[in-house]
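Okay, got some structures for you below.
You will see subunit A twice below: alongside subunit B first, and alongside subunit C after that.
Our next item is the complex of A and B:
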């Protein structure tokens, strides 16, 4: 399905189409939305059914739920401090949503919703609005001091302040581009090498033997993508924590 | 066989300490720092600062009708902010004084 003629269609996998027949078409419910719902359902199921036994010695699902909870709790407390606990639900939701999106995207026929900049930028914008609101709520007018470091010569203000503002505004952009670019790059590479498998296999007698090479690369790539899927969710969550730290401890 | 909770948690803590499983809290939750990761992060920081700078410049130019002057100014500001972002990557602003 990938090799139409001799062209490699690496970007077709990111195209949106509506699902659920006429109902989905009427409300614009795409496969991206479908996988968001699936991811949300799986997260809720993991936490609810995983923690249902609430056993002293946890089973497999409970271990997974507890490990996820403890991992983010450690991260939030280590980065933001004890008072950062109130942001735990936000960071945890963000992390699990991105992690499940990245991981679900690795399954055959699945759609990676984190490969769309519209979604990653919306998430990053939520983080940006939150950190700005938190620092204004906690520090009021002192928030403006963030854009002019103490001790800098006052005549440098016309240069420093615009640069700091642009730097501050670039946070949601870099946050969203990092996640989006990683997911797109990984899936494009998988698709390209998968197409090579099909194209080389058609090379007559030696085809099946030659096509083992891109297949081997793809096996390694899938393993690598699992790592990237986790790492990018982790990076997104920890950068959120670092920004929250900046917002809570302004200077 | 000791089987009350406190002794167990004590023995567990000792065993964990012996195996080096408990890292100090400050070491947890660092950003991954491989060469590729750092390089990619630095690139993304520069590009995103430039996007913001150029975008702001174009927007203000369209609003005030001053094309291309604000675009040029904000392009330079974006570049400077990109360099600042990369600098922050290696010298975090609040990293030195963790309280």
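Our next item is the complex of A and C:
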């Protein structure tokens, strides 16, 4: 789009390409999928290898695995209630998948799969299908009452019902765009400032001194991006929990 | 923006792979990984609960022991005080009895001594009377007076009773 100047190529990092040679090309296995596999492998390694000692007093890795488990478990129970326990594996998988995707994306040469709207929208769509299915399965026809709260004056129906439907349908959109936009913005900024470092460094004698400034900004940005990476995974998970609460309890 | 290039066939294949990878990850976590964590956490919670219960029991036992100890101490104290009181009473009684015996003996000795003194005085007084009578008779004889011996003795007696005390 706009930033595609001669020297600054901030969006090339989001280009899809196949990996694993001809086999990957044949099945359309992209580097995005490769990082998904890496993230999944790391998650499974953390949860299985980390929990291997199964010690009463956990070591470092086991503490991390237990902290992740407890974090999402508390979130699900606090937001959805005790009956939300059966959604725990889904929310956990979602949270860890997004968190590891965001974090892996911060490594040099890594591909940030959460920076693709098609991916975040697919995840959000899974959540949307899940909450709709859950509320229809639990409440049947009463699910339609979701769009018109009990006790509201009937003449408000022409206003309330479309508003409720639009807000319900916009959930996956807001969910996916929030994550996608945050990741893209962060990575574009990182790339732009990193390019500045290189460009300024080439400015003769004073170059190395001037280029320290964008470098310092990038250092700060990386710290900020770590925060965003965690925060966006958290937001995605907690919004999923809130939607699940609505699906289970209908408002 | 490459993310919005939906004509790219890799876009679709990527999503298919996403669904596969996410599904496998979900299955593995749900079936193997998460139950293990849950069981470890449960075991720990059970262990902590058991330990807490044991600690609570131990505390109750120690409190009971402490109460027992306090009761025993109180009983021992009371017993000791009773023993001290009886011992003191006995000692006092004994002392009183001894004092009484000593007093009695002393009184007897005093009485005896007094009796002896009285006897000695009486004896002395008797001797004195005869000496006085004799002296009076001798003085009368010197003065050339004569008087019946009985009258002299009576006069000496009278004088003695008047002059004594």
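Definition applied: the second predicted complex is superposed on the first by the 244 of 251 C-alpha atoms of A that agree within 3 Å, B and C clash if a C-alpha of one lies under 4 Å from a C-alpha of the other, contacts with A are read in each partner's own complex, and residues count from 1 in each chain.
One rule holds for everything that comes next: contacts are C-beta pairs under 8 Å (C-beta built on N, C-alpha and C of every residue); 3 or more make two chains touch, one makes a residue touch a chain.
What you see is a predicted model; the values in this text were computed from it and never measured.
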For A:137, decide between first (touching subunit B), second (touching subunit C), both and neither. neither
Taking the superposition on A as described, I'd like to know which of subunit B and subunit C A:162 touches: first, second, both or neither. first
Touching partner for A:89 - first (subunit B), second (subunit C), both, neither: second
Subunit B and subunit C footprints on subunit A, overlapping residues: none
Give the list of subunit C residues in touch with subunit A in this complex. 1-4, 6, 8-19, 21-22, 24-26, 28-30, 32-34, 36-41, 43-44, 47
Within the complex, which stretch of subunit B touches subunit A? 25-26, 28-29, 31-32, 40-41, 44-45, 47-49, 51-53, 56, 74, 77-78, 80-82, 84-85, 88, 92-94, 99
Subunit B-facing residues of subunit A, complex: 74-75, 77-79, 81, 159, 162-164, 166-167, 169-171, 173-174, 177-178, 181, 231, 234-235, 238-239, 241-242, 245-246, 249, 251
Subunit C touches which residues of subunit A in the complex? 1, 11-12, 14-18, 27-30, 32-33, 36-37, 40, 43-44, 47-48, 51, 54, 56, 62, 65-66, 69-70, 88-90, 92-93, 96-97, 113, 115-119, 122-123, 126, 180, 184
